[in-house]
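Each in structure tokens, the structures are laid out below.
Note that subunit A is present in both complexes that follow, paired respectively with subunit B and with subunit C.
Take a look at the complex of A and B:
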């Protein structure tokens, strides 16, 4: 379970990016974070794996407060948190297989990681994930030759290679066409259900959030303005969130 | 500003630049006493060159010796670029501002060091090194190496600073360390420009090595100097021809490699 309590972050003294945000996300559920551009969605998501250091609050993943960990402990804790990005952030020059295998770099020694020394089991696991994502024909294709939807599926496979407890998705479908977007959201739904993952996903399409999420959190100017189920979110509230 | 005044201003700037270039040519030619008439006789000069420098059957007997020195020049040029390339890449990774170098002074020092090395002309390097290392191939190698170190460090710094660090962040988010993320994320992405710069450097080194060889008394440059000073112009011409062939072959090879990389 992910428990965020009173998280705050300021980039500049007069303009807080996150103000006193709290939320709870359970395993096996999708939590959608919605809100207008600049509301603090990305800041919140990047705080959840401490890519961004926040100023106050707690981020607890299964009783461990990530904000209290040392650099080394945090590095270890991040293995439990997969992340996918709007612009995929794959290594385009490398093949799909190599990018997926990057997901197990965190569990390796520095030397083994630098030499890209992967075990036979890891390679098999990566191939299984590639096949699960429907990309078997592209295992040896450099990622620069893939479409956006295919790249995002590689991103998901890379995150799954970590065997994470939680999956953070920063606008995963913002750069995709509707068909690819649906495919990616279907995969996220399936992962939450079948692998019992905590999925936190930033979205700017409210209809997709209501279709797929179990739980919606809305931010505006860094503050939480809604926290509830899709059924509880009505038109007036949507108007207020995007005001 | 209206579109009319905008384009008029652009045209005025272009006209002014052309006039400034023309004026600088006239001023320079007057100051140096450069005779404009000599330009009209340029074909006579080329004719003389063609008659005297064309390799003859006798000069072709020297081909094995020329090729041997060309080979030595080529391997020194390649070795200098290769060794400098590895160290430059390391310096660039340490100095790049976008890879998390928190000490501005380190970044500034590496940049400054590279600029100093790069901006001292290769001939000056060769002359300075001649005092310490005398006339031998090591001197030539060191002169090329120092210049390459400066040039490649700057080139690699710029290449790395164009790199989208979101990709590194994605690897760091998997729980890996920064050095591993750099090795597995940055290096594959910059491999193509790095190889391109190295190939360019080797090409450039072959040309520079000829000049350096004149001073250090080694390689193909020494042979050219020897033949030229002993008035064996066809042999000197042969040296120039094989050099041109080598440089063009290297250019073709590097184009081929670049195509296969992208």
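Take a look at the complex of A and C:
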């Protein structure tokens, strides 16, 4: 379970980008974070794995406050948190298999990681994930030759390779066509249900958020303006969120 | 431009048009250069200079060099060995330079190193680069004595600084998010460098290293003569300055040309292979 309490973050003293945001996300659920551009969605997501620091509040993943950890402890804690991105952030020159295997670099010793010494089990696990994502034919293709939807599925496979408890998705479908977007969202839904993951997704499409999420959090100007189930979100509230 | 005229504070006094001023500055600059050049020519040319006679001698010498090359007092074997020595010098300094340059390049890349390290490395490298390779070799030949040691250290020194700069620029082209993506999964910095940064850039880093090899070969030839490091440059120096054997000078130039041609062919092939 992810518990965020009273999280604040400032880039400049007079203009806070997150102010007193609290939320709870359970395993096996999708939490969608919605809101207009610049509302602080990305800032919030990046605070959840402490890619951004210097904020106030607590970010607890299963009773461990990530904000209290040392650099080394945080690096270790991040292995439990997978992340996928709008621009996929894969290594384009490398193959799908190599990119997916990057997911287990964090669990290796520095030397083994540097030499890319993967065990047979890890390679089999990676191949299994690749076929689960429907990319078996592309395992040895360089990622630069893939479409956006395919790249995002590689990104998901890479994140799953970590065996995470939580999956953070920063605008995962913003660069995709509707068909690929649906495919990716279906995968996220399945992962939450079957692998019991905590899934937190930043979205700017409200309809997709209401279709897929169990729980919606809306931000505006860095403040939480809505927190509830999709059923509780009515048109007037949507108007207010995007006002 | 019309604005600048109408907005001028003293409309009665005609302000110089900005374009006119630029043209006038350019004119003054060109005239100044011309004057300096003419003065330079006059002061350099000896009193009884005969352009026609000088041209004739020059052409005759060129003919001696390039239309009747021979090995003079040496042998093809010896010249070939000397060429090999120069190539070896270029190779060793490039390999050393690339290894150290990569480390310094990583330390100088903004998206990887902390800013204090990045700034320090960049400043030191800029200082080293500002002093030409040949000067470094001369400096080290004072410190280490004339010979191959000074040549190797001096050439390596400048290669490191050069490659550190171009490597750092190349590394900085990787988006910070790509690195961040792996860091977000709990991956340490060194594995990220080896698994993400280097594979993405290997072909470009190699092509920069190859360019430096070409530069180092040219330098190795010059350094052979200047620092007594041996090699084809030394043979050229001896043939031209001690024996005045223009035939041999021509032969040596052909040797160097042949190798540079080979290098060019290889680099074109590599470029086709890596940049498709």
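Annotations
The criterion applied here is as follows: the second predicted complex is superposed on the first by the 242 of 243 C-alpha atoms of A that agree within 3 Å, B and C clash if a C-alpha of one lies under 4 Å from a C-alpha of the other, contacts with A are read in each partner's own complex, and residues count from 1 in each chain.
Assume contacts are C-beta pairs under 8 Å (C-beta built on N, C-alpha and C of every residue); 3 or more make two chains touch, one makes a residue touch a chain.
Keep in mind that what you see is a predicted model, and the values were worked out from it rather than measured.
Model built by superposing both complexes on subunit A: subunit B and subunit C clash. Contacts of A:114 after superposition: both subunit B and subunit C are touched. In the superposed model, A:102 makes contact with both subunit B and subunit C. Of the two partner chains placed by superposition, subunit B and subunit C are both touched by A:83. Legend: residue contacts after superposition of the two complexes on their common chain; A:64 is shown touching neither subunit B nor subunit C. In the superposed model, A:240 lies in contact with neither subunit B nor subunit C.
Across the superposed pair, subunit B and subunit C both touch subunit A at residues 49, 51, 75-79, 81-83, 85, 87, 89-94, 102-103, 105-108, 110, 113-114, 116, 158-159, 162. Those residues of subunit A whose C-beta lies close enough to touch subunit B in the complex are 49, 51, 75-79, 81-83, 85, 87, 89-94, 102-108, 110, 113-114, 116, 155, 158-159, 162.
Against subunit A, in their complex, subunit C makes its touches with residues 175, 177-178, 180-188, 190-196, 199-200, 202. On the subunit B side of its complex with subunit A, the touching residues are 164, 166-167, 169-177, 179-181, 183-185, 188-189, 191-192. Per the touch definition, subunit A reaches subunit C in the complex via residues 49, 51, 75-79, 81-83, 85, 87, 89-94, 98, 102-103, 105-108, 110, 113-116, 158-159, 162.
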